[in-house]
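Okay, so chain A shows up in both of these, paired with chain B first and chain C after.
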Partner chain A sequence: MRLTSTISHDIRFQWRHGFYAVYVIVCLLYLLLLHFVRADYQDSVIILLTFLDPSAIGLILAGGIILLEKDQGIHNHLFATPLRLQEYLLAKALSISVLSTAAAWVIHGFSAGIPVSPILFTLGILLTSSFFTFLSIGVVARSHSINGFILLSQLYSLPFSLPLLYFFGIGREGLYLIFPTHGSLLLLQSTVRHLTWREIIYALTILLLWNAAAFIWAHRSFERRILLRIDERREQQ
Partner chain B sequence: MRNYRPLLIQDARQTLKDPMLMASLLGPLFVILFTRFAFQPLSDWIEQHYAFRLADYTEFIAAFLVITIPLLPGTMAGLLMLDERDENMIAYYAVTPLARKGYFVYRLFLPSLLSFALTALYYLFSGIADKELGSVYALLLLTLEAPCITLFLAAFAANKVEGLALSKLCGLLFAGPVITAFVPVPWQYAAALIPTFWPAKAYLADISGDPVVSTAAFMIGLALHVALLLSFVRAFLKRIE
Partner chain C sequence: MINVEQLSYRYPGANKRTLQGIDFSIARGEVFGFLGPSGAGKSTTQKILIGALRNYTGSVQVQGQEIRDLGPDYYEKIGVAFEFPNFYSKFTALENLKMFQSLYKKSKDNPMDILRKVGLEQAANMKVSQFSKGMKMRLNFCRAILHHPDILFLDEPTSGLDPLNAKIMKDLILEQKSAGTTVLITTHNMHAAEELCDRVAFIVDGQISLIDSPRALKLHHGQKRVRLEYTLSNEKHIEEFPMHNLGENTRFLQLIRQHPIETLHSLEGTLDQIFIDVTGRTLV
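Now for the complex of A and B:
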């Protein structure tokens, strides 16, 4: 119940600050762009667009929200309520995943129609989005300014874009299996072809494992670098 | 000038400490180095593997990549102003000898200077851009682009979260050269309100041997940029009052 109300609060917050409005314009622009892309490249461009944008939106958005909450001193009061840190983090990831999934479906639905495997496509977007949200939270706990955060988040996320090389036919698949984003790209390819059971199990497992690792990292970072410092400041006063 | 010195010294120090300030310098330099040294090998590789000649689009790519140069310092300065506003720093600057207006001029001067210097460097050394009159027109318009972006963020975002949302919208600026290069006349003029349409138009028209269209595009672009700048200044002053 607490988690549901936190998610709905987060979605309302994102709506109020114009993220949904911005994404309507961004999606329209992508659809216009896809209209001019040659038919034989269109599937690859859609996969690339949905991977680079809606799936990774949490990377910038989550950190920005937390920095603003930090400035406004919201965390002091928020964690004085029964809300637990894991619920707060999960709500951030799930609420941003809603925006990611909606944008990805609009881009795909209006350009190429319903994906071949809608469930796998949705799971791919959800799990990629939540992974990048947790990564963003871990990074923002180490940043003091919005500009510093943006650069640091790009540095942390850079290795996770390596599987794009395989997507463009560079290197053996074995080199990229360790990256969660290789799983993301596989699940996004389910829009155009049927994946084998082995591919589905691998993609879901690697994404879930990395989500768990990123969640633990985000939890520890937030606890030690944000909450603990609030407590220390309170004690000093 | 004396009033600006402390802020200039502080920024110079901060550039070394704040990675994003560094990025607004290194990002455009990376674009210049990329076009200079990696564009041709990449073009050859794509042609070999995908039978697609990237080299046929060199003029468009030159007009497209240059957009990143004002975008980086412009966005960076806009987010910095939002950060400072969220932390009530603008009120602090207002009571220093710099005063509110001085702070404001300074925050716009730095991205404009970076945009001018790095765009000029791009046209001179990227190896894929033309160095004729069209480049000079585009350089002047792109220099005005950076303070426009900064003010757009600072004037219309209530805080840094909204600033991030609006900076996403600044990606629309990449549509300017795409529309100029690929949408036929007269339909392309539907994009006349996208500021980057005009530097791309001035640059590409000059390359295709049409200096009159290039000059006209520059004049219209200049009028649009000045009008945008003035309206954003008004909106920003209204917000901080």
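Now for the complex of A and C:
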């Protein structure tokens, strides 16, 4: 009940702050871009866009939302209620994943039609978006300003872009297996080809493991660096 | 209701303990005030009591249970109104209350009824960003009582309010007291504490130097004298008299019979002065 109401509130919060409106424009720009891409490159560009987009939404929006909440001074009030920190974090990840999934389906649906495997495509978007949401929360807990957050988030997310090298044919696959985003790119390729069971199990496992690790990191970071800091600041006043 | 023994707390990385072994207890239905200057430790004490800081030493029991062992369900029993009345600014007052209400299991009241109680029903559909400080403080109070808490924590509840809004806030607090809610107030506003609290604790440098009722403090620390202001030949005169056998004090009786009296006051202490006398500090 608390989780569903928090998710619903987060979606309304994002709507009210114009995030959805911005994403309609972003999707239209993507579609316009795809319109000018040569047909033989289109599949690769769609996979690339649907990979980069949920990563960017998770990474930028989660941090942005938390900075907005920090600015509005809402956290100490929120955590003086029965709301658990894990519910708060999951609500952020799920609400942002909804936006990512909707955006990915719009981009894919209008440019290339229904993916070959809609379920794997959707799972790929959801798990990639939630991983980057948790990563973003860990990063924003270490940032004091929007500029600091943007800089730091690029630094933390950079290693997770490395599997793109393999996507472009650089290096052996074994080098990239440890990265969750290699799993993301595999699941997104299910839009154009059938994946083997081995690939599906690997991709889902690596994404779930990294999601769990990022969740724990985000939880610790938020608790120590945002909740505890509130107390320290207040006592100094 | 609340029992605290030898409570100490040191913030991570701090050299000095913010709280240095404090003891107090608060009875059910009591309004208890923590008075002290900024940095004295009153907000830290409140943070521990609301379960936000767990790694304290000593014992802090609420309804017989140690706070550090309580889970987030503890928040079903307590209401907290922080000093700064922050809300989701792009949401209306009603939307904010509904959101916070959805986080509690037992909160079934219509938020409009609560808004009506504090005179905000006309502003229910206004965005909080358009609210004045007084309106936000009342809304802050609404949020704290949404779920009928057993214990209410109020941090500087009259801070920054004009006299009218301060009076409304005091009446709301007294209404909670008459409904049986235990209320803890942290403040450096002695006047508000005097009007609201059954007992007050003076806290300075992480230590409690005194706990008593405002009335007892004022009587004990004041002078047992009255001050009379009267006019004689269009000039104001002031004289003081001991309270003992005042009815037989011929000079006093003569003055009040023969001259127009402007003011007549007993000289009990003020909480401000008592605080300075006891702690050697001012409430700034």
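Some notes on this structure:
Heads up, the rule we're going with is that the second predicted complex is superposed on the first by the 231 of 237 C-alpha atoms of A that agree within 3 Å, B and C clash if a C-alpha of one lies under 4 Å from a C-alpha of the other, contacts with A are read in each partner's own complex, and residues count from 1 in each chain.
FYI, contacts are C-beta pairs under 8 Å (C-beta built on N, C-alpha and C of every residue); 3 or more make two chains touch, one makes a residue touch a chain.
All values derive from a computational prediction rather than experimental measurement.
Within the superposed three-chain model, A:61 lies in touch with chain B and out of touch with chain C [touch as defined at top]. Contact with chain C, but none with chain B, is seen for A:9 once the two complexes are overlaid on the shared chain. Legend: residue contacts after superposition of the two complexes on their common chain; A:17 is shown touching both chain B and chain C. Of the two partner chains, chain C is the only one touched by A:1; chain B is not.
Contacts of A:80 after superposition: chain C is touched, whereas chain B is not reached. Of the two partner chains, chain B is the only one that A:29 touches; chain C does not reach it. Touch criterion met: A:227 reaches chain C, while chain B stays clear of it.
Under the contact criterion defined above, the residues of chain A that touch both chain B in one complex and chain C in the other are 17.
Against chain A, the residues of chain C that register as touching in their complex are 11-12, 18, 38-39, 41, 43-44, 47, 50, 52-53, 72-73, 75-76, 78, 80, 82-84, 86-91, 99-100, 102-105, 143.
Listed in rising order, the residues of chain A touching chain B in the complex are 17-19, 21-22, 25-26, 29, 33, 36, 60-61, 64-65, 67-68, 71, 145-148, 150-152, 169. Residues 1-2, 5-6, 9, 12-13, 16-17, 72-74, 76-77, 79-84, 227-228, 231-232, 234-237 of chain A are the ones that touch chain C when the two sit in their complex. Per the touch definition, chain B reaches chain A in the complex via residues 18-23, 49, 76, 79-80, 82-83, 86-87, 158-166, 168-169, 171-172, 175, 178, 182.
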